[in-house]
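Before any comments, here is the structure.
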């Protein structure tokens, strides 16, 4: 099995999502509030995993734009839940050492005094291992 | 009536108000929030990966403590609520996660999702009852037009959280009515505020919050209320639209006439 | 000892590709009783049947095992073949080595082994088979059609034209069904009422057809050829014999606030009402929940104004009991409730409507007199958005997993009609796939695009957002352009999934007709017996069996009628000889069996028996073969094992168990 | 006892009954046996005491076929069996003159023997008139004694009550002797691990010699021909080929009487190997009570038995794995 | 895949009612929904035709698992048959559990004529369960294996 295929399998395993259930209706992309910021769109995530094109996915900006708002999860008529795939791809990246969407040195300049703990905690969970 | 209570990190720091008003209101309504001991941060976001256990354990600890006390577990922050309810759901329905978490925790009695997780709003709706609440109101906020801002975490995924209709919720509107004010229904009330993305993507968060506030104001809201410190932060910080945002507990305390007690 | 012949079918490659049929033939020859075994390409073919007949004659066979497809498919074929060759048909058993073996296994060795075991079980059973003789039962020459929509009307007309009595039971006050609510029909755009009302009139006038409207089936007993049905005629509060249908009562009725069912609740009707102008019968009913007379005791206006003296507030529900030989279910459909789809804002905005509601709006007799207008403010819309697949093709438990089949076509119809009548209205359709199989269907859809300029966008809608100015913002995908679209609209029309009329579940239970997880009635065979229910004597017409458009419904209605006629044309039916039978020497007369018999087929007789020299009078169970349907409940309830089921006897089943576990 | 005998004589004399079904003394002081009496002389041998455990209702199946009425002596628990037989049309109520006899618990000589009382020559304290709580045995080793309750049959410790369900007249006082939980033994087994359960029943049932005493005595096992003797199930009585058959026999026997068994305990009483066969029946009774509502077979003659009845929302068989 | 003699291949008897479950099995077949060949189906008119004797007989003769499939409650072709079957099997299974037979070896499942997928899934699950329980030692123990 090629490593891309392995990674695709890993994504399916982490997410618990079966991309074959997708009927390509686009409701996820129609629901996504971050759609315009994404280079790979939510409905395309499914195809990328199906096709095993994990490299492109891992390098996609979209990983760091997804808000985990679960709108796509809620509305997906086929229970594919693209949000879970995106998160799994993000996991795949952050679990590799040194790969992260947020470097510690970036943080101080992002902080502001009113910023709630919750924001930092969440961002850390999302961006880093 | 006593409930186990999980405040969460932000309610200890930036969102002390949310917590203080809730406690004061609870007292006025005749129930008690008993903070569980040694709670740990829930992590802020629910770990979607089915293979992750470590990140779910803090929730399991809190859940198990409530179980041992035989109490329902009440949360206030939307994020904590989301995380803990979903972990609880996993412990109930996902055999793999349950086994692995229990193996790790080595509890006397394995935990299998027995605890009932309630958001403070659910306590008001399902335990106290909005009719009862209405009777206890001493300062009805008559004439105030308030938009409920739900955000995402309280509602979705609807099948797991079972909090309210995820696309057309009514719980906060009913709450607003109970405290004597007028709810303003607007379509963006369950759209995302940007969440943690505001740390790095200010512009994105701004766009989203503008949409929310513009929509609410357009339908005549004079203020918004929320249950989430992060939503509060984003709505206040990221948008330029003038529309005050309050924690729902603040208005509750005010209506019950216990706002001073909390301060 | 039986002389058994085993016939192994290749079924082309369906069996032979996975099961080594030669090996099966070789193995079964070692089984006790087997004196002949052969294989053939297609056992069910004439040549195959001839081989069976030849072997019966040549080898003097007393029993037959055919290893082939499911007995539900060809058991009858082979039984008939055996009978023609002089063998009792009940000496034939089938080993199902296709559906239960070759089609589900890949490994040849494994499948072959299993096929041999299944054959052995059948052989073991045949060894214990005894010739059975079917009895006879009579056929009541009258049919019942449940549902008075186009399916029920067509079925009734066809049966009646063949000369048989038919009763239609319709639960609403008029026949006509969903079709009467439609404005135009695809792909010819003829007016629905114009083609339906003549049929309604014809049915009402037909001397062989009796119509029970405002009535429901309450109880069904009996079996094929001899059903007994209780029909509840709900109290109309109007004497149908006196009423002249002048309509004055409806005009004068002071209570006009009840939502009109016919107009999908978009406007109101009076408490005394006929659902629509062409209603048949043209006799109003009083909605007792809305009527002031019934609610407060005061009023009585209708009684005063009725010249014919037809109003009768004291009328009671009436139960009519009738006998029928055949029953056709034609209960139709409804659109699903949209409570699970609030992202489309159906419950939040009056300007978001279902397609069926649009039919009413477009109809001259509808709530807007046929003018296209927003229900919120009565304004003429300029931008209309249609959303396809709302609740259809959803496997997430919110909606229906199936395709509702008719929506692509009616949406094209709506789009076309609107563009034709109101060229100033822009029409956008969000679709996932456009499905138009059918004669002139795709051409119809293309006309909508090419001639009428309807804007089709491939992509589902995520949310319909209300704007403070009363407009709607449709947030959808354009998958071909890889864009998220925000489309402002004045009205949004949802192509809402259809589901079987919910009351069909009760009806199916009464008829013991099987029903699938979506509440569609199951057909006896999905391809070969599509209009018959697996329950003998029960036939299926229209959408109760699966989504269909009007031409398909009418075709199926005719087919169901033919099947019913075929049954009614018989004077006698052969009954299933696989009935229960008590061994009188073993029977305790304890009544346990009678307690569990669903058909009341068991009675008791004081009978003199000779039990190994002891003569005494005993209470003995006696099975009425005409009533017994052969379920076998009594056989297990019987503590002594006296009660046994012919064709599925204890020893036969045990022989099968032994053969499988060997 | 004397009252019973004189009443029996009266009934015979005035022609009310043609015969009397009761007990007569056996060859040992503690084994009276069921017997018919047709004359006053024969009735001199009639006995009724604490050892008259036998349930006479089953004899009424045959007695119902005889000419004239039979006076039958039924203890309170026997009347449940009689009712059940009426329900199943196996006995004719019109052919029976039921004398409900008093009962203060019946005795199990094996229990006395287990207490070390052997070589018994005579017993006192078992008479119905004797109010004593003590049984005194004259044995070849001298006088021995034990309390009445100590020597009582298992079934009497879970007595269903002192009321007769059906009778024409009552003679003698009855006592409710219940001092144990009816389902305690069943619960004990239910609490065992599968391996322990298996070992328990394996050990008990391996004692079975297929003498059919349990079947012969059981008032519910009254089939004209037992399935285990018929060819209908290919299970005709033959020498025990394997130990599976015992288990099958007892499980199926219990299943066949499930919902009909009154829990009279005769099966255990007569088992020469001392197998606690009532544990099978009582398990079914316990399940029926828990899953389908309390049901006592023989409490009436009309109600539907639990296995010829159902409700739409009965539990699914998977409940077995969930309990 | 070739058959390995070492491999445990359970013997499984499935009683299926003619109207729903047998048709469901047919549908599983025509939909090519695979399940292990260890399952052998016996057709009965109704789930209420299945005598506990048949089930014990199967175990006696070496079956490792017995499953009974019928119409869903309420949908019985004979109206009430499966209700009786449900009570009978509940009591029988409880008894088998009581005498120490692993309760996973018996199962009842309601499968309609339209539920080919469920039929196949059920059989896959059941075979897997029997695999996890292994050879029917306990009931096997009851048999004489001189």
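To keep things simple, chains are lettered A, B, C, D and E as they appear, and every chain counts its residues starting from 1.
Here is the rule we use: contacts are C-beta pairs under 8 Å (C-beta built on N, C-alpha and C of every residue); 3 or more make two chains touch, one makes a residue touch a chain.
Because the structure is a prediction, the values reported are computed rather than measured.
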{"item": "Given chain B and chain C, the chains that contact each of them", "value": "A"}
{"item": "Touching chain A and also chain B, the following chains", "value": "C"}
{"item": "Of all other chains, the one whose Cα centre sits farthest from chain B", "value": "D"}
{"item": "By count of C-beta pairs in contact, the leading pair of chains", "value": "C-E"}
{"item": "Rounded Å distance, chain B centre to chain D centre (Cα mean)", "value": "65"}
{"item": "Distance from chain E to chain B - Cα centre to Cα centre, in angstrom", "value": "48"}
{"item": "Intercentroid distance (Cα basis), chain D paired with chain A, Å", "value": "73"}
{"item": "Rounded Å distance, chain A centre to chain C centre (Cα mean)", "value": "45"}
{"item": "Per-residue multi-chain contacts in chain E, two or more chains", "value": "51-53, 57, 74, 80, 84, 88"}
{"item": "Per-residue overlap in chain A, given as positions that touch at least 2 other chains", "value": "71"}
{"item": "Chain B: positions in contact with at least two other chains", "value": "166-167"}
{"item": "Touching pairs - complete list by chain label", "value": "A-B, A-C, B-C, C-D, C-E, D-E"}
{"item": "Of chain B, residues touching chain C in the complex", "value": "159, 165-168, 185-188, 215, 218-220"}
{"item": "Residue ranges of chain A touching chain B (in the complex, touch as defined)", "value": "13-16, 33-34, 37, 64-65, 67-71, 73-74, 83-84, 87-88, 91, 101-102, 106, 110, 112, 114-126"}
{"item": "Residues of chain C that touch chain B when the two form their complex", "value": "339, 341-343, 345, 347-348, 397, 463, 465-468"}
{"item": "For the chain C and chain A complex, residues of the former touching the latter", "value": "343, 389, 393-396, 398-399, 432, 458-463, 475-477, 479, 482, 484-485"}
{"item": "In the complex, chain D residues that touch chain E", "value": "186, 189-190, 192, 194-202, 227, 233, 235, 241-245, 247-248, 251-252, 254-255, 258, 280, 283-284, 287-288, 291-292, 306-312, 314-321"}
